[in-house]
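What follows is a group of structures, each given as structure tokens.
Okay, so chain A shows up in both of these, paired with chain B first and chain C after.
After this line comes the complex of A and B, so read on.
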């Protein structure tokens, strides 16, 4: 706002500066003058249907709704004049006509905007003596509970669906007294952001289903935290009663999550009390698991690792979750290095480690700038489901007119219009190579292919675009030719003058890369240390059947090891098969730590809840382990000391996508009749998410269980929907999945997710598969 | 800017539009689509619903089935809920089966002052159904409507596209006898 462009208005006798055309309610909000409202929400379009925000404006004979009244120079407003107050009271009386008096049994009670405003503007007795309307409650899925008799028709939820979630599912059907909010034909909301309507609904019409009837707002305390399931690092409020997290709400942070929260971050807290939560240290003795005390467990772990190590530190390997905190990763690295092992990695779902890796891969720019792009090329990713709030930002860009182009091995279900170039997993690499050829790359794979016109056109637009971005995501990272894909993407970005970004794994992928949780000099990466089995392994925060790129190979290597020490918050059959000591690890909300989110912002958090049972924060476990193994430098008393030492080691290291592209990389994925596409489903990303019952009940989670293949392939193979199909991959056990023909999958490919029940038996995320009827 | 200011549409137009309705209905809807800017197909929604409801080529003449609504959404590339909202808002869209003759009796103020109560009770007696019901043989539906703008000829009703004014019980009998 420059001086010339500001105007002055007067509200309740106070002079306020404002931008011309700003809405009165925004100007008043900025000045801390409260105007009651229901339908207005700063992130949604204006609908002005509740009439609660009526105020008096000088020279206007009737009250005006502040939410849609633009300010003018010299305007004089009173928000509490007799006319304004009478109008507000009138609006309140109308809103209460049909609102039930069921606050005592309403989950919103105590934090209800209607209750609050009614206290200020409502009358103590109702003049309305006629019957109130009652509305049937539709079932809109496992996340959101409905009680639509309470609805005051503000339409925030409807506008949210259309404008933010991008799927218009909720609507207002009927008219007048018969108007109801719902889906009309009953079905579950399919958005990955659906839970936000719980916050938006000013009354108790839409509330959290998992939290239903658990606690009252005033019984809970609020503690801040950082969500731990993707690189966004959404800021959250945990709400606890008697030290138990009962729900999670977003905490406003415009630069990160705005005022939103993905369903994954909102409901994963359910896992904290999962039935298979590990509450006591476990040690395997003679093939039997025994619960034991910490001292014996830690001694067993230290001894086991020391024995496996012998006098060669490189007999040990460390596989660390990219969602572990900086403190945990730092100490785990210190431990492994202290033991003389260079085998360390956090890129557990990456398939190909050829070529020079980016120094510290990251988004390539601030999260908020995603929405300002003019052209985004996305290679091997589904941001809508991988990092829902990044998907939301990209959608915003698309809605503002940006072109978004996807290169993927299967077609995505998007909530905006975008070009999708789909080819089977092998041809997909060639598609990207084609674009690289259009960009002028002339070496390696590129030489053998002919560039098509649409690639040339796309490259031209990419070059001409003011703000262009090339993003490389999880599906590319899981491809056996990731090195090549990455190299091609970087060359395209370079030639076009576009920014390059990586959609890094986990909540702390950037932190892990900054710390160098990667192989040291001569060390083995995540693939190699399982392909060349070690004698001892340290697992941090992972379930090897679900969190490795090639679970068959991984479980096999771990099985053969002399000693596997796992720090885990949960028990799991695979862990219990391969591990020798399992130490109960505090989950992210139970421990202090630091994450670097995908844009490189450092975000610290404190433990919000005490760890379940005897679980301990990772830094404490690793500290004692370091001391027990007589490694120096493990004397920390607080997580802050660990953090400071870790940050000191980082120095001024910063995220950096730079690397030396190696044009000689060859395409290694062989041609085959059917190639697997191993997507990582939204509700499978980490052990916590996989144990949240509400998330597992969503369509997104349930659909991920199917083996999907092109209807043509299905016909050719004689499969129909519902058939049980046995899947075999080289060097893997067989597993059975239910078939579902799906035109989104190209011919010659089979979409079969990783990290779903049954997929532990399988090998790599891509590669040849053979199918037969079970 | 809100979704009301932008054309509403599904992210991806679905194929197979040429399988929907009949060529005549499609031509009628297309005629309406052509009246608006290309991206505002949504504007043809009300006319499309009328066209589908009125056509008696399908097996549910005079009313819109769930499939009809979904087909209109498909044809206009709209999210289905956007069609449900409009179809449930306006009382002239019938979402349940109606009789061959839909008798829309006005009971609004002018008609009431001129004796619509008598017309209603006469009709109810004659047909053996209440307002809002359909005779068992599917011939007649009796519907209460608000002012149809023919107050000068109150009391009145509408059958099909035809207004009948200055009604008396005798005149009602005559009119009904004249219908097939």
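After this line comes the complex of A and C, so read on.
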């Protein structure tokens, strides 16, 4: 706002500077002058329907709604004059006449905007003596509870669906006081951001289904944290009563999550009290699991690892969760290096490690800048479900007119207009290669293919675009030709002058890369250390049946090992099969730590809740393990000391997508009748998310359980919806899934997710599969 | 002196036909305008001169409204005709559509030419099946004659005109709700500003006029703004099509000069049924406050006179009530209408119209309370002027009018739990 462009208005006798045309309510908010409101929300379109923000404007005979009144130079406004207050009280009375006033049994009680405003503008008795409206409550899914009799029709939830979530799930039907909010035909909300309507609803009409009836707002304390399930690193408030996290709310951070939170980050806290939460250290003795004390368990772990190592550190391997904190990763790396092992990795779902890796892969720019792109090419990802708030930013760009083009092995259900170039998992690589050829790449696999006009046109637009971005995501990383895909993508971006970005895994993928939680000199990567089994393994925060690219190979290697030490927050059948010691690990909300989010922002957090049972923060466990194994430099007393040492080691290291593309990489995925597409479902990404019952009850989670294939293939194979299908992959056990024909899957492909129940038996995320009726 | 403007084909056989319209000089103005390429500003000046005020009810000067359009701005503009005539008591636009659709079409083409719109819509009330069909047939004739479409009469001016049948919601007669409805959305008014002249249909500059306003244009341009203005009185130029109904012998539609005494209009409509005394008149559609019969007999039918009497000329729907009517019952029925037709979007109207109806209903049922009348006064004051659109005012007006002039009847209902009229009072 430059000096010339500002105007001056007067509000309640105070002179305020404002931008011409700004809405009065925003100018007043900025100046700390409170005007009551319900329908207004700074992130949603204006609707002016609640009439609560009526104020008096000089020379206007009737009160005007501050939310839609643009300011003019010299305007004189009174927010508390008799006319304004009478109008505000009038609106309040109308809002209350049909409201049930059931505050004592309403979950919103104590944190209700209607209650708060009624305190100031309501009357002590109602003049309404007629029958009140009663509305039936539809079931809109496992996340959001409805009590629509309480609805004040502000339509924030409706506008949220249309404008932010990108699906019009809730709408207002009916006229007059028959108007109700609903889904028209009753169905569950399918948005991955649905939970935000709980925050938006100013009353108790939409509340949290998992949380409701558990606690009053004033019984809980609020502690800050960082969400631990994707690279966004959403800022959150944990709400606790008696040290138990009962719910999670977003904490405003415009640069990261704005005021939103994905459902995954909002409801995953349920897992903290999961039935299979590991509360005590476990040691396997003679094939039997026994609970024990920390001292014995740590000694058993140290001894086991030392024995497996013998005098060859290379016999040990470390598989670390990309969602572990900087402190945990740093100490785990220090431990492994101290034991002489260079076999360390956090890229657990990556299939191909050929070629020079990017130095420190990251988004390639600030999260907020995603929404300013003019053209985004997305290779092997579904940001909407992979990292919902990144998907939201990309959608914002699309809504502003950006072109978004997807290269994927299957068609996605998107909430904005975008081009989707879909080909089966092998041809998909060739599609990307075509684009690379159009970009002028002349070596390697591109020689064998013919570039089409639409590739040339896309490249031309990519080159011409002011702000262009090429994003490479999880589905590409899980492909056996990821090295090639990455190389092609980088060459396209380079030739077009576009920015290159990686949708890195976990909450701390960037932190792990910065720390170098990757193979050291001569070390083995996540694939190699399982393909060439080691004698001892350290697992941090993972469930090997679910969190590895090739669970069959992984479980096999771990089974053969002499000693597997796992730090885990949960018990699991796979873990209990392969491990020898399981040490109960505090979950992210229970431990202090640091994440580097996908844009490279360092975000520290404290433990919000005490660890469940005897669980301990990872840094403490690793510290003691280091000391027990007589490795020097493990004398830490606080997580801050660990952080400082880790940051000191990082020095000036910064995220950097640079690498040397290797044009000689060949396409290795063989042609086959049916190739698997192993998507990582939104609610399967980590052990916590997989244990949140509300999330598992959503359509997104339930739909992920099916084996999906093109209806033509289904017809050819004689499969119909609901058939039980036995899936075989080379070097894997068989598993049975229910078939669902789906035209989103191209012919010659089978969409069968990774990290879902049953998928532990299977091998890699891509590759040949054979199907037969069970 | 009747039927000189909008209903000028009425004396002809099949007055809705192109032939009948041609016989009164139809489409000649259009031809002249397009041939001479009359400057739009000249047309606007003539319409301003005519003192034509919007016939939909608000009475905003049509020429001034057209002047709001910035013709030099790039992009599309739209012309919309509001034939969603839903105000209880109003049925004048229905007869223009039925008996003189071509004049509306000619008026719309001229209006579109003036504001530079290449596309127009006529939003017709959902219940108007016959008028809709007549209008569609007229559109077809006009297209065949080359009055609509591309390069109209070789002038280079393009204009496509479509009829759009509503689905029965009163609120869609509110101009911005009407635009939402054309766009395929739920009919709910938009807040203003921005006004449609700036942000209208599909977000483009749009002019919305009432059927009667647009149908008056060809005659105004044919005979001159002064001629039209002089038909009426100060501040109320021209003629007005009144639809008169109620306890009268000959309900119907009459096009008469503005400023005609009410008693003359009543006489044209055959006088009071069974010779009963006139009790009250609702002069401008159900949302206009009621005026006692005796007072009404002294008034002339023009904007100023009716406004001075505390009501409004509105859409020119005159409802005449004789002494057999219980005013509590009349208000109950009207309040029920606004309760049912409130769109539900903004608080005072959504909640207030239901409250008003429930109280009046209770009084009518003999369950009134002493505090009810003061409560009604207070609620109407909290609805009127506080809503997004004028429906709030429309719902409050009848209550305020009835309580002003017939408070004793309401008080009687409350005190005696029965009706003053049926009791012979």
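To be clear about the criterion, the second predicted complex is superposed on the first by the 774 of 774 C-alpha atoms of A that agree within 3 Å, B and C clash if a C-alpha of one lies under 4 Å from a C-alpha of the other, contacts with A are read in each partner's own complex, and residues count from 1 in each chain.
Please note the rule applied: a residue touches a chain if its C-beta (ideal position, glycine included) is under 8 Å from a C-beta of that chain, and two chains touch if they have at least 3 such contacts.
These figures come from a predicted structure and were not determined experimentally.
Peer 1: If we overlay the two complexes on their shared chain A, which of chain B and chain C does A:495 touch? Say first, second, both or neither.
Peer 2: Neither: A:495 stays clear of chain B and chain C.
Peer 1: When the two structures are overlaid on chain A, which partner does A:528 contact: first (chain B), second (chain C), both, or neither?
Peer 2: A:528 sits against neither chain B nor chain C.
Peer 1: Can A:175 be said to touch chain B (first), chain C (second), both, or neither?
Peer 2: both
Peer 1: Taking the superposition as given, does A:306 touch the first partner, chain B, the second, chain C, both, or neither?
Peer 2: Neither partner.
Peer 1: Which partner chains sit in contact with A:153 here, chain B, chain C, both or neither? Use first/second/both/neither.
Peer 2: second
Peer 1: In the superposed arrangement, does chain B or chain C reach more residues of chain A?
Peer 2: After superposing on chain A, more of chain A is contacted by C.
Peer 1: Report for A:62: first if it touches chain B alone, second if chain C alone, otherwise both or neither.
Peer 2: second
Peer 1: May I ask you to decide whether A:417 touches chain B, chain C, both, or neither, giving the answer as first, second, both or neither?
Peer 2: first
Peer 1: Considering only the touch criterion stated at the top, classify A:98 as touching first (chain B), second (chain C), both, or neither.
Peer 2: Second partner only.
Peer 1: Can A:46 be said to touch chain B (first), chain C (second), both, or neither?
Peer 2: After superposing on A, A:46 lies in contact with both chain B and chain C.
Peer 1: Can you give me the overlap between the chain B contact set and the chain C contact set on chain A?
Peer 2: Shared contact residues on chain A (touching chain B in one complex, chain C in the other): 46-47, 171-172, 174-175, 178.
Peer 1: Quick one: which bits of chain A touch chain C in the complex? Just the residue numbers, please.
Peer 2: It comes out as residues 46-52, 54, 61-63, 65, 68, 70, 87, 90-91, 93-95, 97-98, 127-131, 152-153, 171-172, 174-179.
Peer 1: Residues of chain C touching chain A in their complex?
Peer 2: 169, 171, 186, 191, 193, 339-355, 358-359, 362, 369, 375, 382, 385-388
Peer 1: Show me the residue ranges of chain A that touch chain B in the complex, using the header's touch definition.
Peer 2: Touching chain B from chain A are residues 44-47, 159, 162-163, 166-175, 178, 183-185, 414-418.
Peer 1: For the complex, give me every residue of chain B touching chain A.
Peer 2: 1-5, 8, 11-12, 66, 79-82, 84-85, 88-91
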